[in-house]
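One chain, chain A, appears in both complexes that follow, with chain B as partner in the first and chain C in the second.
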Partner chain A sequence: MEGPTPVSALIHAATMVTAGVFLLLRTHPIWGSSPLVVLVIAILGATTAFFGATVGLVQNDIKKVIAYSTCSQLGYMVFAIGVGAYNLSLFHLFNHAFFKALLFLSAGSVIHAIIDEQDLRKMGALIRQQPTTYTSILIGSLALMGTPFLTGFYSKDGIIEIAYGSYNIEGTLGHWLLCLSAGFTGFYSLRLLFAVFLADSQGNRQVLTLAHEPK
Partner chain B sequence: MVVNRVGDVGVVVAILLCLYHNGSVEYSILLNISSEDQSVIIGFMFLIGVAGKSAQIGLHT
Partner chain C sequence: MTLPLILLAILSLYVGFLMKDMVIGFGSPFVVFGGNELHHSIESEFIPVWIK
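Right after this comes the complex of A and B.
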């Protein structure tokens, strides 16, 4: 599911990939009476959250890091449905749409500024040329990591809390996997932030000196 | 591309099963499904569709 960055902001953040979560939410009266389906949904969501976070750790493409973080957050939403927290799942979907759209659009600003370069290893020190983009990515990343008083905190912490309080096998499994995934989320978000804006410059000097904010 | 089609087949089969067993896809009728094995099979078909669309493990790219 590759596309131009504004298209990614639309389909990966709010509209396309979360349609599956919304379908599951709308159809829960049909399958909700079956404990087997609920168990499979919870395990599927927890493993996807963990899998997405671990893959996001090792990507070197700026858009792929953000895309795998979306995959991880979708796992959180599906897991929340699996432990019966339908309202929290929709709340996380809503919050995720906002900060992930912000992250994708800011990533588009970075990619455009350095002439369509997407490799994290060839960026660096862009905080001088792009302070506004840096601030946007910082706010989006803090919300994604679940910093208190930003959006991600309320929904993600709620999902982990419901998992901890559900006292069954999928709740305990989900609690551990989701806590680990939240730690990985913090790691790869900060890694992206450092590699793009704060680390020493690694790329072509002429390209990096001409980088500027979108006008 | 293949995983998208697998997910589509899941949703279509789930909708057709709803139609076959209840004669309707109205929510007001589907909310009253009482058969356990019917809700299991429909639920798993919807879950395949969800996994295909929302990139859950097994049907991710």
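Right after this comes the complex of A and C.
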């Protein structure tokens, strides 16, 4: 699942990785009446969400952080399918497409501005050079974290509530794992934001002075 | 490059609010491939307030 940043925006937000979720949604009449399959899907979704969030915490590549956050959000969608909330799963897929495309395109803008450097540890202090990109990543991250009344909130909060409201073992497991993942999501999104825009610069001074918004 | 960023930023802000009633609204006729989630979506309205 690697490619140039605009391609990443396309495959992560809309077409490739979410196709599995769509396939599950589309085929639910086939497996939907088997309790075992439904249980496996719910547990798989919840653990994927948790796994993606924890791996995303420790990545140093800007695109990998966003890619693992996609992985985590896909876990949310698969879990929602597993507890029977098909509408909610499609809604999360739809919302996720918007803010993940925004995040990937903004990441592309950052990577381009500092001459193809993707390492978070060599970035910093780009807020002066790239105010529009900073605003975009801020809005995308806030939506991803599920800040109330932004896009991600309505679907993510719905999934977590339905997890609690299903009153079975996979629902309770999902509720715990998804709440923890939501916390981790907030942490790695803010970490990315601080490392790229607000922290002191760790990169080449000449590169930093020439950095600008893409034309 | 700025234009798509601004467009997606505005959509990221508002799409959830605008589409909520249509996609997951209570009593909405929007049903995904014949799925039925009515049971859970009503149940989740009655969970304890401190969890909500």
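Throughout what follows, the second predicted complex is superposed on the first by the 215 of 215 C-alpha atoms of A that agree within 3 Å, B and C clash if a C-alpha of one lies under 4 Å from a C-alpha of the other, contacts with A are read in each partner's own complex, and residues count from 1 in each chain.
FYI, a contact is a pair of C-beta atoms (placed from the backbone, for glycine too) under 8 Å apart; a residue touches a chain by one contact, two chains touch by 3 or more.
This one's a predicted model, so the numbers in the text were calculated from it and none came from an experiment.
Colleague: Is A:196 contacted by the first partner chain B, the second partner chain C, both or neither?
Modeller: In the superposed model, A:196 contacts neither chain B nor chain C.
Colleague: Check the contacts made with chain A and report whether chain B or chain C touches more of its residues.
Modeller: Result: the larger residue contact count on chain A belongs to C.
Colleague: Based on the superposed arrangement, let me know which partner A:150 touches: chain B (first), chain C (second), both, or neither?
Modeller: second
Colleague: Quick one: is A:177 in contact with chain B, with chain C, with both, or with neither? Answer first, second, both or neither.
Modeller: So A:177 meets neither chain B nor chain C here.
Colleague: Could you say whether A:29 touches chain B, chain C, both of them, or neither, answering first, second, both or neither?
Modeller: both
Colleague: Quick check on the superposed pair: does A:71 touch chain B, chain C, both, or neither? Answer first, second, both or neither.
Modeller: first
Colleague: In the overlay, answer first, second, both or neither for which of chain B and chain C A:37 touches.
Modeller: First partner only.
Colleague: Considering only the touch criterion stated at the top, classify A:45 as touching first (chain B), second (chain C), both, or neither.
Modeller: First partner only.
Colleague: For A:107, select first, second, both or neither according to whether it touches chain B, chain C, the two together, or no partner.
Modeller: After superposition on chain A, A:107 lies in contact with neither partner.
Colleague: Residue overlap on chain A between the chain B contact set and the chain C contact set?
Modeller: Overlap of chain B and chain C footprints on chain A: residues 29, 32.
Colleague: Would you pull the chain A residues touching chain C in the complex into a rising list?
Modeller: Chain A reaches chain C through residues 25-26, 28-29, 32, 83-91, 94-95, 98-99, 101-102, 105-106, 109, 132-133, 135-136, 139-140, 143, 149-155, 158, 161-162, 164-167, 213-215.
Colleague: Please give the residue numbers of chain A that touch chain B in the complex, ascending.
Modeller: Counting only chain A, the residues touching chain B are 1, 16-21, 23-24, 27, 29-34, 36-37, 40-41, 44-45, 47-48, 51, 71, 74-75, 77-78.
Colleague: Which stretch or stretches of chain C touch chain A in the complex?
Modeller: Interface residues on chain C, with respect to chain A: 1-2, 4-6, 8-9, 11-17, 19-20, 23-24, 30-37, 39-41, 43-47, 51-52.
Colleague: Show me the residue ranges of chain B that touch chain A in the complex, using the header's touch definition.
Modeller: Going through chain B, the ones touching chain A are 7, 11, 18, 30-31, 33, 36, 39-40, 42-44, 46-47, 49-58, 60-61.
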